[in-house]
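Each structure below appears as structure tokens.
What follows is chain A paired twice: with chain B in the first complex and chain C in the second.
The block that comes next holds the complex of A and B.
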């Protein structure tokens, strides 16, 4: 059942993207580790981490596309799920520091010693084990999305109102995580990580492995979301997006349909955050900034909403542009981003991927029509030739 | 009147008694009572604001009545249930404006409407069976859309969308179909064909049609209920109702 469910997703464009991701998962680490630093094809470690970061952003945008592109839920709080996944991973990494911290406390992270805390708060228990942290990476964002969605969807909060309360959610978390007594390092967040699963987090090999893990996770999540949207459930999602009350009067529990997609999406965002933190080396409350969630919407819109591949392309394009732009003309980046969003909304409403695939489909239909015409001409021509 | 109504309750398919609802002081329904028998095709007429759509909202669970009883199949209290639950009990509803899933194909529209398990996981792992396929084919030919099965619903004409929506309701296999103005905006030929279609459907289930088009109702040739100001004004054959002086004054005369 599960295999046939996943097999459904293997159409050509998805296969191509998955193949590219798998190729990158091998090629980038290989070019980093196996070539000499002065080799023309050498990929420096900082670039490996930078590309890895783009892939986690791409995963976040993919997660948003599942709810926004297919179910019409414009979440402006997805960065919150990303940050929560990131914090869960950060807590594991903090516990790994142990006596190597500035205060040398084997149990308490530095900021707790600094705040004069005597024992580890209950919610930090268990985070010394990777499997527990990995579980929390998925469960905490998933649970928040489930509870939030349960109330919002059951009360039929829709459209712009839902977007506003998702912004409020991420803003509330921002304020909460800024407080020192929340126990998550306050303003400074969690940083100074030393190792992950026993490997030095700064080492080239670990960085390469994290990149490969990001690429593989993205590929896996792409296959999974494709299988979801190709299933009958995926058709119901689109039905809810296009005519919610019709779906309801057909007997579907719209709130359950939305809740499942929202929760799965939040879990994927959490995984993205967990892969992001070890590659950038820090997680702080800034990740909850309302603006971050809005940026995710821009990546998704630029790449093409409701296409699954689009958000991946959009996240990489926009963030790549951001890296280049902020290095070359730092003061113009925000203008460029705003301009890009206006341009895409006006001229490419389906995004880069959406527009390209619409063009290809049109060309294909055109060619098929031409072929049909030729075939007809041949049919007419043949009897004449026989005479 | 009340006496006879409560006696018919156990055998009735749909039973409304003393239903009232008001919005911001405006009484949309005022002690509305009527009964639909199993297998009946009923037409409901009435001027704008008579409460026809509100009545449908109440039956399908979109609006809760302030007072009164609404029972389905004798003992299922509809006022305690929501839209999805009522739909799965076997009440289908067609909206005034044709509402289909525009970005799905005709086929997918019917597949979604098909009376199968509606939960998240059954739909996630759903596979089209031979039976389901045959059923969809059958409905496609009933609503005369077989040739367009792979087209997007968005590309249908207005009349065809109406039919697709009726087809979706058929796929739902309801025992009671509520149809709100099915021939609004249709050509005369389409209207005549829709009357045939509805009569065909009413052979196996009850249908309630709300309509303004008197010609269409005459074509249906069924019992008519005239609503005005939220309650029943007259009930009977079309000739009986249209000769009623109150109906003429309230509705036809205008």
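The block that comes next holds the complex of A and C.
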């Protein structure tokens, strides 16, 4: 009831957010490229990349919201899908370096030459082609989520247990990617990227284009999730969240419904990771840290789970705050973040957006009630006047 | 009767022969020492070997003096003396009995020259001779070095030493050294067979090395014996290796148990996902650090008691913090486990950063009391005291907790509230109070675990993070709401981990364990020892 009401009230706001995102995709690159560096409205390149990074985080939070906010699956391993997408993109970027690496080996990335590897491992084949890498960005996290979810949902692992095993999954991946033998650069990860699709990755134009791509992808994914959530399937998804057993007894295959959302969400997280890596310039196993996944949850919670705009707002608010805080008072950032966790769960369970829209909805209802009252008063008053 | 006679006779013979060799040695020794004076540099090696072969402890000072360049020969008659410098003259000392023989001017004596080759010969000869040292430790060391690098020349010295040795440990090592040496000598095959048998019984890496090197050079008739012995030693080693793995596994299991047992209360019994659990462990460790700091500064004599003092303190400190967390945050979140997870994660960040701000980000040093340091041997196992004490402590905490839950009225109330909150409330139990105390108990136990873990882990603000995932794995694997499950889960995960390590490496082993747990939860979503009945749907 409440959810469908919220959804209707968010109708217009999603259009607005998509419009803002499209506007940003044009405005920020334009302000960066077309204005002189001393112009008051000039956006420096480092800010373009920083905002681009926020947008990929927002996409990750949106992906998490699809499973947590609408299906009740609290995944504590979404950073793993993000990192896997990032690694797929990183592998493509590594292959683009070619002979420009320190060892000048046309085929092997530097770290493999360093480790005395003689040939490219099979899982690095094909990553020199962008279309293949792009496919892997979606397929690898999607496949992992599909297999993992298929096992987990089929045996009805849910609630806290699911959260804990997703955490174990990202922890296991963290340990695995730290190993040099895995062939993903071990501790140092993948870095020193040179170009993407033939464009210099450091150039202002490429950075602006990457920002625009992030904004467009986010807008696209927002529309996609809205469509999913609004569809008949989305209604069942919410039903699974609110009363899983009842939905099952009504004849729905709950595990299939969950699996679809989980897989789509992982794919979106993978895309977010792939957009993140070229803008940050590095991907290393640290991205698999269980703490990272929990941070994504707090972005979503701050913005408002179960609303589609909430996670986007939350990711940008928290990360913006982080950038400002860690620069100004580095000691206090963890206090602030920790306090935020406690505050939001205790006092803002619906998040910023959820609370705001509930407030707006209440005021609207109130006004309507007041109008109705006035109308009745008038109705009552009229006969009196006639008398 | 016959047997006794025989023994007597043999003893008599041995005594006589020993006496005779002793007498002959005294005569020979003087001559051997004097021979050093007349020897050319190239001949010294042989002379030293001859001296060493005598096996007489009196040779030791002579050889030492030779090595240090303190041995002089009198030009007049070639007599050899130890000397001590005294102004322009030297005091002569008899090399064998140590008697002072008066002063002579330096010119009358000639230093016996040595080079590096000779010094090396001296050193190895001395190695054999310390077999006769009065200090059992020195003898043991000498025997071990002979066991490691057997040389056929040393065989007689070893046998002489063996006959005189009383100390059991030294005797055992000497026996093995003799067997190892015998294999490279030209003794009879029967002797060698006996030696092989002895080595096979003793086992150990040295025996394995000696036997496998003997295998290549031995006669064809001995080869099957050596091969059988090798196989036997390898089997014994495999057995002890497995034993060592079990021990390491138990040790890891006890650490997991300690870390998880508090969580078994908060998560298992109360259903609260306490992500700040690891930080409680960390705070317990820091309490130990503070206690030791005060003791070091003011009452150093109490250092061995530091852990005993820290234990109740850590329980109190973390218990009170736990109580505060429950009263201020968690009580508003009952029935919303995922929200609790987020809030306690936030609390864990705050606690970590507080400790980092107060104590700094670096590791703090926590010392081992004397009774926890060191190790002892048990068969082929090396067992360190601190690991042993941690196992004992973990089991003690487990037993105490079990007693508390099953045998006290407080425990009864805790279980009642867990099983049916409303019913318990109607019976007059103050459920909020029980909740708070249960959470404080879980936190306090985590603090006590921190005291123990401070003995084997780095005490840093990140201490707790390393344990949190493992602890959850243990509780979930063992079965939520079941203390026995936690016990079995902790030890089986510990042992599994240590058995996988040799094959897969430490990191891959851990990954495999995680994957296995994930798969296991698919099969049994409620863990090893699941609660049965309707309670599971709650």
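Note that the second predicted complex is superposed on the first by the 369 of 387 C-alpha atoms of A that agree within 3 Å, B and C clash if a C-alpha of one lies under 4 Å from a C-alpha of the other, contacts with A are read in each partner's own complex, and residues count from 1 in each chain.
In this section, contacts are C-beta pairs under 8 Å (C-beta built on N, C-alpha and C of every residue); 3 or more make two chains touch, one makes a residue touch a chain.
What you see is a predicted model; the values in this text were computed from it and never measured.
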| item | value |
| --- | --- |
| Room on chain A for both chain B and chain C (clash or fit) | fit |
| Contacts of A:348 with chain B and chain C, given as first, second, both or neither | neither |
| Partner with the higher number of touched chain A residues, chain C or chain B | C |
| First, second, both or neither for A:238, with chain B first and chain C second | first |
| Touched partner set for A:246, first chain B, second chain C, both or neither | first |
| Three-chain overlay, vertex chain A: chain B-chain C angle, C-alpha, nearest 10 degrees | 90 |
| Contacts of A:172 with chain B and chain C, given as first, second, both or neither | second |
| Shortest CA-CA distance in Å separating chain B from chain C in the superposed model | 7 |
| Where chain A meets both chain C and chain B, residue numbers | none |
| Chain A residues touching chain B - in the complex, by the definition given at the top | 1, 4-5, 228, 231-233, 235-236, 238-239, 242-243, 245-254, 256-257, 260 |
| Chain A-facing residues of chain B, complex | 60, 62, 83-85, 87-88, 92-93, 95, 99-104, 108, 111-113, 118-120, 123-127, 168, 172 |
| Touch list for chain C against partner chain A, complex | 273, 275, 329, 332-333, 337-343, 345-350, 352-354, 357, 465, 469, 472-473, 476, 507-508, 510-511, 514-515, 517-519, 521-523, 525 |
| In the complex with chain C, residue positions of chain A that touch it | 74, 148, 151-152, 154-157, 159-161, 163-165, 167-169, 171-172, 175-176, 178-179, 290-291, 294, 297-298, 301, 331-332, 334-335, 337-342, 344-346, 349 |
